[in-house]
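The next part holds the structures, each set out as structure tokens.
Below are two complexes that have chain A in common, paired first with chain B and then with chain C.
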Partner chain A sequence: MTLDFSTLLPYTDELVMGLLVTVMITVAATLLGIAAACALVWFKLNGATPLRVMIQTYIELLRNTPFIVQLFFIFFGLPALGVTLAAWQAALIAMTLNLAAYSTEILRAGVEAIPRGQFEAARVLGLSRRQTWRHVVLVPAMRNIYPALTNQCIIVMLGSAVISQISVNDLTWVANFIASRNFRNFEAYLVVTLIYLALAVGMRQLFRLAGWYWLGGRQGRAL
Partner chain B sequence: MSLVRVDALHKSFGNNEVLKGIDLSIEAGEVVSIIGRSGSGKSTLLRCLNQLESHDSGVIEINGRTLDATTMTPARLSEEVGMVFQNFNLFPHKTVGENVMLAPMVVRGERERDAARRARKELERVGLAEKFDAWPEQLSGGQQQRVAIARALALSPRVLLCDEITSALDPELVGDVLRVLEQLASEGMTLILVTHEMGFARDVGNRVVFMHQGRIHEQGDAKTLLSEPQTPELQQFISAVL
Partner chain C sequence: MTSLLHSARRLLVAALSTTLLAAAMVAPAAAADLATIQERGTLRVAVPQDFPPFGSVGTDLQPQGYDIDTAHYLADSMQLDLELVPVTSANRIPFLTTDKVDLVISSLGKNPERAQAIDFSDKYAPFFFGVFRDAKASDQDSIDSLAELSGHTVGVTRGALEDIRLSEVAPEGTTIRRFEDNATTISAFLSGQVELIATGNPVAAQIASRDASREPVLAVKLEDSPCYIGLAKGNPELMARVNELIAQGMADGTFEALSEKWFHAPLPDGFAAGEQG
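So, the complex of A and B:
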């Protein structure tokens, strides 16, 4: 068998578009998912019991079912209830919900690792629970679990390959498209594999940089 | 009128009754040392005074206002009562200056410039003005504890509660912290300390309260009480710690 990567050249535009779709949907899902997780942890630890039960149910539901089934349910299942979404919308929702569920549990561990004395100090200084959360809890909690959170976001990025199954034109969809056109499966999937690898490595560096900036680089801490 | 008034205070953890009816009055400017064995209820009493523990029955009044979770928010209470802990509890992700500025800015809504000026003043008071931009982890235990004192003082509380604040320190660092307390006492600050520093209680304190099995067993003028304890329990305690 002879390898000929020049067979991919006519598809450069498609590859770049696929890369952009994967990157954009990952960035959006990561930002939304982490923001949602921060809110969900707050309500899980401070909310009324029915709310806590609802949040826990959501988490268990998302953590104990396959991502592709969640995706299919949102894209193919919800129209039965009158909710029709574009493929990219369904993909973004599925990825956000999935990441939020895992991140909530990760973040909860980070909050629970904070010594009780920190909460007591905040309280005797007059901070409300919300102020304590914002100024005293959030950064150290993030710091506690930052590597785990980074991994989870990368897992979601890699898992996004699945959204090609509902015809989102992401990187994997482009690989399938190229291979079905020129039958150069090896070249197409190898190149896309390497792009995913580069994305994962780049994402890890980006998280490291963001962590350095927001979570303690000022302190010269390694994260 | 007393600054702090405690009347028939009861507190239980499950079946364990820790405070069995405490009556105590403290005047403004007094330095009161609460001593007693571990488990005698002294820390619980202190923690009830700022509602870190809620009491089961009895009355606590600070500056004429009854402490009650429904009427006293943490923000309101922090105007009356400050607290320093055994383990400092500085916020590790904030600089020394930010630690002191946090509550004035967040709780009182002070502008950053005013809060910073006040923080520098309080840090100077505890001898750490040059540590404004340092991180807590770069400081010794004694320095961290003095920052914690400055942080409490920045809210101008009427009374400062100190819960064994020298117990986690290396012996050579205890003196620095006690000197700060002594200076506060001389400036007229009301101090209530749970402490094992008998020398400090005798020399700086006005009054010593000896707790035993959830009750105030004996109390009185610091020098008299420690040199001439009346009850066998206090005699035994003093001979054990000295």
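So, the complex of A and C:
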């Protein structure tokens, strides 16, 4: 076998675009998903019973079905109900819903690990409910589960390869495209594999920095 | 010296195998001519069994399709019994060259390599790649040329012939969405995720026969590769008879009816007149 990476050169633009699509959709899904998870955890622990049941149903539904089926349902299924989304919209929604469901459970575990004494201390100190939630619950809970949350976000980034199936031109789609045009499978998939590896490593470092900045110095270490 | 001997031996082996190969190619089993077939009373025809709507196995386990109906039409017109021989696309020409069948009616396209091994009749069935629009979407009525594709979304199976061709000729402003396989491309068209679909007419016929919500009709033809009936070389009487019957079937509407039945579409313009596409 002879390797010829110059056969990929004509596709540089496509590769860069694919990388941008994967990065942008991952960043958007991560931010939206974690924000949604913070809200869902609050309602799950403090909301009225019907709301809690609804949230739990959503979590179980998303955590117990394959991602590709969720994606196909949104993209190919919903048009039957009159909701036609662009491929990237369907992909972003599917990834956000998926990440939100998993990270709600991760975050809940972190919140439940906080000793009851801290809540009582917060009340004695006269902190408002919002202040308690932010300083006494959310940030310490985040510290507890930060490595798990990081992993979940990386899993969603890697899992985003599946969105190529509904014609989102992400990195995997570009790899498939190149392989179907120049038949250099080895080179195309090797390059894209290395890009994913770099993305995952880079993402972990980014989370470490973010954790150090927002959650306090020690958080990076566990990663 | 050794190397010289070696070369000589290699040459001998090469010469021998070439001779054997040539013998195998030049002397096929003598093909049955028209008189032999009429004496036998049976027309043996190779047909596809896994390529709807040309040929497939129906719910009653009987072969059915455009090619099977064409075989019936020819046998009936020649007042012969019909023996259908199911073949795959790989072995349909060997079946002919070894005299196991008299005709190959099996969505056979013409190319120079095949033309060296067998003869071709006039074309009898349409086969083409094109961009199909939804007959029920009135806003797509105006799409009838490549230039009109601009501003529209076309779904296609990545890496398929129609993808390569469409990518070459699509005008600026056309959005081509490439999917993983035929099934996903069809889903995208049926769910309305793409306005148009680029595919072959057999697939379009399949969609038209299954789903009523969207109905593909040809908007722009990308590539034409009609089907021909294959005959063994050196069989002029049979060839003349087959071509005569094809011309007759084109003139009297037999093939038009078959096209409507199996492709849910009329024969392409000029097809019946025998225009070479």
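The rule is simple: the second predicted complex is superposed on the first by the 216 of 223 C-alpha atoms of A that agree within 3 Å, B and C clash if a C-alpha of one lies under 4 Å from a C-alpha of the other, contacts with A are read in each partner's own complex, and residues count from 1 in each chain.
The definition used in the following text is that a residue touches a chain if its C-beta (ideal position, glycine included) is under 8 Å from a C-beta of that chain, and two chains touch if they have at least 3 such contacts.
None of these values were measured; they are calculated from a predicted model.
J.: So, A:S167: does it touch chain B (first), chain C (second), both, or neither?
T.: second
J.: Once the structures are superposed on A, label A:S180 by its partner contacts, choosing first (chain B), second (chain C), both or neither.
T.: A:S180 sits against chain C, while chain B stays out of touch.
J.: When the two structures are overlaid on chain A, which partner does A:P79 contact: first (chain B), second (chain C), both, or neither?
T.: Second partner only.
J.: Check whether A:A87 is in contact with chain B, with chain C, with both or with neither, and answer first, second, both or neither.
T.: second
J.: On the A-aligned overlay, A:R123 touches which partner chain: chain B = first, chain C = second, or both, or neither?
T.: first
J.: Would you sort A:T65 into first (chain B), second (chain C), both or neither based on which partner it touches?
T.: Neither partner.
J.: If I apply the document's touch criterion, which positions on chain A are contacted by chain B in one structure and by chain C in the other?
T.: Touching chain B and chain C on chain A: no residues.
J.: Which of the residues in chain A come into contact with chain C in the complex?
T.: On the chain A side, the touching residues are 72, 75-77, 79-80, 84, 87, 164-167, 173, 176-177, 180-181.
J.: Touching chain A in the complex: which residues of chain C?
T.: Within the complex, chain C contacts chain A at residues 155, 158-159, 163, 177-180, 184, 187-188, 191-193.
J.: In their complex, what parts of chain A are in touch with chain B?
T.: My answer: residues 115, 117-118, 120-128, 131, 135-136, 139-140, 143, 215-216, 219.
J.: In their complex, what parts of chain B are in touch with chain A?
T.: Residue positions touching the partner: 50, 52, 73-79, 81-83, 85, 87, 89-93, 102-103, 106-108, 135, 137, 148, 151-152, 155.
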